[in-house]
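Shared between the two complexes below is chain A, which pairs with chain B and chain C, respectively.
Presenting the complex of A and B:
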């Protein structure tokens, strides 16, 4: 792939790639690291990708564009708000021996307003820190209410 | 320790300047990053290597080019860790205070 990401977020986790992948794609566990939201990842290419809030809202919809367990997941990330261009999010898991390297690449398919860039920065940083904490210590994400950008 | 590497990487104004520039414009080559700065390519390359070791800079290669990004996650991990500790400390202090007040009160009556 020749294109370069618009943003990168990454962490190292003391767990094998299979465990990181299992947590990332297990809908039932996703609220523990995703601000209480459910993340549904279809099992195959072209399957739906969905984020559901506790009150049933679906702020993000999309499609699985590529899936290669336990290494790579690429989804389209379509924020259901006017004025936000479609993004693509790529999760990469690399085996580093004693740890896994979990990387999130953000690809912007249009000009993303600063407030959404900020919520991406804050959001992915917290999410990756939470996935790391959950896998390494078993502690769930402290309940932080993340308001969608107004 | 992982944090020693992180704090050492942050404890230098030139490296913080490079992080500021990557924050303002993600995905720069080394050449773009030092454009207009009184910093040699060699010095910048050393600084960037330290920032990469601390996981504060992430990079991708595309063809012959290497693009650099600010990775905010380690800062967040430190925040999560210390916020957790501060809360635990406050809870412990309150428990102690409660015990002391209650036992003082108990001895008076």
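Presenting the complex of A and C:
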């Protein structure tokens, strides 16, 4: 991959890569770290990728573009709102010895308005923090209300 | 042109006071800041020294603004000699905001020159420091993600 991500978010987690991958791809557990939303990751390339809210809404749809457990997942990320260009999101998990490094790369396939960039930063930072807390303490991080992009 | 600010946001299950204490009590930082300790009274205008485990000075600074446990701002000047020292001081700001038993900690590091080697260095360091801080506060244990820092 020689292209450069538009945004990078990362955290270090005291757990092996396999555990990080297992949590990231387990649909049933995803509401515990994804603000109550379900994240459905297919098992193979070209499978659908889907985010579902508790009330049944589907704010993000996409496709699995690459999947290589427990190291890499690349999906197309199509926010179902007017004015938001298609993104690609890549999750990378690296073994750093005492910790795993979990990185999210955001690739913008078009100009993303500033308000969505801020939501993205708050959202991914909170997701990474929630995954870390859940893996290291076994407890969910309390829900925080994020301001939706206006 | 100068290099953009570095911003890292992390959410920690803690009180603002616990975050402030871990950052400023001098000794807690050994658990999440690559073994380093800090010395300062943390009042506006006070000097700040960050020491490596061998006692050598890692960086120095001056407290610019101190509002415990909400806001801390200081200058950051890497010890010399070397290209990082030669770039002169930059600025670090911690903003600590509570929300529903969770604290949102935003670190903004600013004041870089163009093609800054300091910015390159701190971009690798802050995610490690802040991940370690979160682990230390939430689990009582930091961890060493620095051994392979050259890969990060």
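Observations on the structure shown:
We adopt the following convention: the second predicted complex is superposed on the first by the 146 of 150 C-alpha atoms of A that agree within 3 Å, B and C clash if a C-alpha of one lies under 4 Å from a C-alpha of the other, contacts with A are read in each partner's own complex, and residues count from 1 in each chain.
By our rule, a contact is a pair of C-beta atoms (placed from the backbone, for glycine too) under 8 Å apart; a residue touches a chain by one contact, two chains touch by 3 or more.
Quantities reported herein were computed from a predicted structural model and do not represent experimental measurements.
When both complexes are overlaid on chain A, chain B and chain C end up clashing with each other.
Look at A:136: by the touch rule set out above, it reaches chain C but stays clear of chain B.
In the superposition on chain A, A:11 contacts both chain B and chain C. Of the two partner chains placed around the shared chain by superposition, chain C is the only one that A:97 touches, whereas chain B remains out of contact.
Of the two partner chains placed by superposition, chain B and chain C are both touched by A:126. Shared contact residues of chain A, touching chain B in one structure and chain C in the other: 10-12, 121, 125-126, 129-130, 132-133, 142.
Interface residues of chain A, counted against chain B in their complex, comprise 2-12, 103, 105, 121, 124-126, 128-130, 132-133, 142.
Those residues of chain C that touch chain A in the shared complex are 7-13, 99-102, 104, 127-128, 131-132, 134-135, 138-139, 141, 143-145, 147-148, 151-152. If you check the complex, the residues on chain A that touch chain C are 10-14, 94, 96-99, 101, 121-122, 125-126, 129-130, 132-133, 136-137, 139, 141-145. Residues of chain B touching chain A in their complex: 26-27, 55, 58, 60, 62-63, 67, 69, 71-77, 80, 83-84.
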